[in-house]
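Here the chain labels run A, B, C, D and E in written order, and each chain numbers its own residues starting at 1.
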Amino acid sequence: MTTTTDIESSRTTGPGPRIHRRPGARIFSTAVAVLAIAVVLGIAGIVVGSGTIHWEIIAQYFFAPVMLNGVATTLMLTVVSLAASAVLGTLLAAMRISGNPVLRTIASAYIWFFRGTPLLVQIVFWFNLGLFLPRLDIAGFTISTNSLITPTTAALLGLFLNVSAFMCEVIRGGLLAVDTGQTEAALSIGMTPRRALLRIVLPQAIRVILPAAGNLAIDLLKATSLVYVIGTKEILGTVQGIAAQNFYVIEMLIVASLWYLVLVSVASLGQSWLEARLARGIGAAQPPAARPNL
Amino acid sequence: MTTTTDIESSRTTGPGPRIHRRPGARIFSTAVAVLAIAVVLGIAGIVVGSGTIHWEIIAQYFFAPVMLNGVATTLMLTVVSLAASAVLGTLLAAMRISGNPVLRTIASAYIWFFRGTPLLVQIVFWFNLGLFLPRLDIAGFTISTNSLITPTTAALLGLFLNVSAFMCEVIRGGLLAVDTGQTEAALSIGMTPRRALLRIVLPQAIRVILPAAGNLAIDLLKATSLVYVIGTKEILGTVQGIAAQNFYVIEMLIVASLWYLVLVSVASLGQSWLEARLARGIGAAQPPAARPNL
Amino acid sequence: MTTPLLDHAVRMHGLQKSFGAVRVLHGVDLTVERGQAAFIIGPSGSGKSTLLRCVNSLESYDGGELWVDGYLVGAERRGDRWIEASATLTASRRARIGMVFQRFNLFPNMTALENVTAGLRMVLKQESKQAFERGRELLARVGLANRADSYPSQLSGGQQQRVAIARAIAANPSIVLFDEPTSALDPELVGEVLAVMRDLARDGMTMLIVTHEISFAEEVGDVVHFIDGGKVAESGSPSAVIRHSNNPRTAEFLARIRKPG
Amino acid sequence: MTTPLLDHAVRMHGLQKSFGAVRVLHGVDLTVERGQAAFIIGPSGSGKSTLLRCVNSLESYDGGELWVDGYLVGAERRGDRWIEASATLTASRRARIGMVFQRFNLFPNMTALENVTAGLRMVLKQESKQAFERGRELLARVGLANRADSYPSQLSGGQQQRVAIARAIAANPSIVLFDEPTSALDPELVGEVLAVMRDLARDGMTMLIVTHEISFAEEVGDVVHFIDGGKVAESGSPSAVIRHSNNPRTAEFLARIRKPG
Amino acid sequence: TPFKVETNMKATADLASRLPSDIKAKGVLNGATTDGNAPWSFIDQATGKPAGVDADLINEAAKRLGLTVNWSDVQFTAGIPGVQSGRFDFYVSAMADTLAREKVVDFIAYSKEGSGVIVPKGNPQKIAKMEDLCGKKVSIVTGSLFPDIVKKLNETCSTPVALTETADQTGPYLAVASGQADATMNTYGVSNYTLKTATEGIQTKLELSPVALFAPANQGIAFSKTTPDLLAALAGTMQGMVEDGTYKKIMDKWQVGDGALNPILINAALF
């Protein structure tokens, strides 16, 4: 293993040699890159070359008004239920980390239930609330449940309550990631615990929360497809409706996939941008990014 | 705000007073607990009291052999695709944190694609692989794709490839959470980078990976329900099949929910147990659990 | 705010504190007079940090009396019963007590100036302009007039700790608590922080300082308290405690600190 | 393994290292003889850690020669070209170099004994029985015979660092590198670690030590190198460098370290 | 010569001889259906096997061709691509044979169905003719033909129909039972059978309204356009079953005899 040229010589004058990067790594990189491109092109070639896909159908429906409506619905469902769950999730997270065992138990039970049952079931339940509760009495007014719970309300209610359970865990993770010293410093300048949480801890927790919340948003974007069972026409529901008519099932699924890829990519870019913005002025305060020597 | 009794007296002898906990907190706790129980009982009362639910149907189908089959299928799909994704996920995670930009790009592209498209579409794609690729030539043998890709294979393939993208991110988070000092210490006693990753970093990363992987498993448990589109009868597919016959839709959804709650709870307990086991001997080395004074 | 008649900045009597089954403070009696620079020294685990944290209500205590500036801290009296103070009462008491932490605990998302003025703006609700004016004065006082707009991540450890000191004194507290303010610093950076503390002491700021910097305690301290096993084992002038102590525990501790190895 | 003829434990010549555009080591020439206890002192940011990390191949370097125990480290020669060493070559070189880190870096999921013997068992593939026997000897040598089965979390900082030293010397390295081995310790715990290092020096272990403990360097060191701005500014016996230096930078640095404030 | 599928061409028994040889060799037909369309196709929970008109007809035809059917129960989303990829030889699930769909697959039309309106028991909204649906909430299955019908109806309504869709057959029934919708539309055969045979469950809360049947369509079995000979063989065999009365017997058994066709047709879209 040790060649003679690696045994110490006694030269001690002149500038030392330049050390070059190992060429092996570069060769390996190139080989892997070529292989990966070959695989991707190969798969694309098989899919395209099989001639089974009607690209003109995909082109025709991609920007069809009914598709754009579906996309808008998907976005609306995602944004509204995400925003609402940020509020309920924060409340639940505050309950889970509070010193009060009763609040902790309630929050835990909520999370157990809503994480434990499929979203599909929850959506169907809310949609058919009228089966159990034909009318609601609110402040003396009696109102028929079914006129209150439209498919959209049911979809939003189901998504929101479900995603709040996940959001709670995300927010709790963020709060715990902020050093206790920050809370103590905030208290020591006279803040009340609540103000310390809202003004000092939460703003810092956001940096930890955002990446996880971004993942949640991406999951939610795709989970909204489940609401097609109660007839809310988002992306997947729309393409399935069209496919049932024209039988171009694979083509319509590709249309849906492309739309999801677009939305997810845009969401990811937005997330990166936000993360970068929030890191301003903080960057270097974090431990230096791990550099696993591997 | 300051009452006279709180102005300093000059007493300096005798033992100091005992300080009692504030009673307020206890009263508040009790009130919240009562309220929470009332809400839960109220909802339960409405659902049960409406008389619309046929509990005997739920009881009858809960342990029906066809249900148990569905449960077994759900479990099999979850366990197999989770285990397989642990391997691919680790590989992808190693690629994502490697110094090699090509490997990083490939892993990122994989994650982008598989996280960006709905699982449903991925499953349908694998199921219908024969549409693009009627036969496979493997080592000289020609085999019909459709006979190779059974519904179960397609389900597993779709779930596995999809969940690997998520698993990669979970594992990467775990690897980054292990202090670089651990890798350096491992290298300094003569380990190769690969051995350091496998013998020193991974075992410690597991503690961070497990909770997140547990969440993934729980999501996967419920996501398996999607495979009913290609005719694999797991829990949700089974209850929908039964409901299509007997029209006890809500009852069958409750059966499914109960099963999911059972499975998710068991999975959570297993996760806690494993986490506790892995924390043995490490417990106190971690930073003390955050105690937000809130 | 009317100033009570008594001259003690801090007075505690029989202070007791347990974590679960482990009793950490075994009845501490300790007084800090106004304008004193009081030092607490003692072995690791003897309860020094816990004591400071009680004074600032970052920990509750189980028994005894604790008065700061003449007001009961951490407890309220309801007739004959002494009960834990409410969160709002605690917050209002705490606003008059400054604290400097070992690990600085600056708010990383705020500039030095914003850190120093956080309490003025967010708690005392001063107007920004007025608060920032005062903040600049404070930064000048700790020698950082030109770093007002730097984020903590852009400052050295010593500079961060000086910002933390400015933040702690911003609201004119009756007392400032220091918990090993230099032990997280590179040896080279210790000096600049001690210099700022020396100035504060000279200006008559009441300070209660936990430190391992014995020579600094000797130089600056009005009084030194040696704590051992959750009790004050010895109190007195620096020279009495550090140079001429009769207490064998004190001597042993100082020997260990002075001559490493 | 045949021992090369030369007597240098470490010899570096013109060592250069940049992080991106920032050059950190500006051509370092430094030799450690066998059996020497060599100390490196210098201001924060002067490149001391980077130098040690290069010796142990935790950082690659851009130019110059680095020989440990007569073997080229971190680079290989291919004809006239010098290229970075492969990962396996680096690992095999590194097995003969011990390193003690500032923050101990013990493996938290292993007991003290398992930590000490990790290299013997996992790298040198010794049998457990034999490795554990040697591990117990080593633990006894650092005064921890009775803590073999404790996990790092159950040990004080000083004890953890002694385990880390035992781990570093387990494989009979030609040299042990120390990067500020006491600066993460409570002042009280510094002594026990320095005592172990003093014993090693007395036993003739070759050591290269970065530290701020000037008096320890004076007491134990065979040679002291003062590094400033990525270069060796002065080398010599402890008394020459620490007591009678003519270099103004050295004097300034020592003044700051000695008299905080 | 390969068989050429022509619109409205009638199946004849001699087509039965066209069975492709590879299928004959295997002796197995791979068929797909979707559960939940009783009486046409559903999974009998007792046996776990497909049952209903579709299964009875096709099993019988296969038997006459010396074949057995290997059934799969999949959703529509997997069924159509499955036929195209050759995974399945046919897909059947009470589907209407339409011109649009004939662009993608070939159909054997084997029955005629009209559609009806289903309302809660007692018909609380007094829905007696199509126009009564104006301003009401109607729930239907995604992918059915009803949205177009409602669209046409809306042209004559002052307040339009509020249409909601659900993904599976049970959804609309549940919606009507819970009052979420006022009515649903479904093919007559399906509604009639479900409501008549119901003894329990939500469908006991529903009934067929007096609205006249509408939107007649031929129901078909879907085949890949690449297997015309298989289609021919099956169509011919079914024509044989029509002629010897087996076909009518099966239709009557499931109470859908009204929709019997004679002869069996190929690609017989009515719209």
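Note that contacts are C-beta pairs under 8 Å (C-beta built on N, C-alpha and C of every residue); 3 or more make two chains touch, one makes a residue touch a chain.
Since the model is a prediction, treat every value here as computed from it, not as a measurement.
When the partners of chain B are compared with those of chain D, the chains appearing in both lists are A, C. Common partners of chain C and chain D, by the touch rule above, are A, B.
With each centre defined as the average position of its C-alpha atoms, the distance from chain B to chain E rounds to 40 Å.
Centre-to-centre separation between chain C and chain E, using Cα means, comes to 82 Å. Centres computed as Cα averages put chain D at a distance of 81 Å from chain E. Touching of two or more other chains is recorded for residues 77, 81, 84-85, 168, 174 of chain E. The residues of chain A that reach two or more other chains are 52, 124, 128, 131, 184, 187, 193-194, 249-250, 253, 293, listed in rising order. Across the assembly, chain D contributes residues 58, 92 that each touch 2 or more other chains.
Checking each pair of chains for touch leaves A-B, A-C, A-D, A-E, B-C, B-D, B-E, C-D. Touching chain B in their complex are the following residues of chain C: 4, 6, 8, 11, 13-16, 27, 29, 58, 60-65, 67, 70-72, 74-77, 81-84, 86, 89, 92. Residues 25, 28-30, 32-33, 36, 46-47, 50, 52-53, 94, 97-98, 100-103, 105-106, 109, 112-113, 115-121, 124-125, 128, 131-133, 169, 175-176, 178, 180, 183-184, 187, 193-194, 196-197, 201, 215, 218-219, 222, 225, 236, 249-250, 253, 256-257, 260-261, 264-265, 268, 290-294 of chain B touch chain A in their complex. Those residues of chain B that touch chain E in the shared complex are 54, 66, 120, 124, 127-131, 134, 146, 151, 228-231, 233, 240-250.
Across the complex, chain A is touched by residues 76-77, 80-81, 84-85, 98, 100-101, 103-105, 139, 142-144, 164-168, 171, 174-175, 177-180, 222 of chain E.
Residue ranges of chain A in contact with chain C, taken from their complex: 179, 181-182, 184-195, 199-200, 203-204, 281-285.
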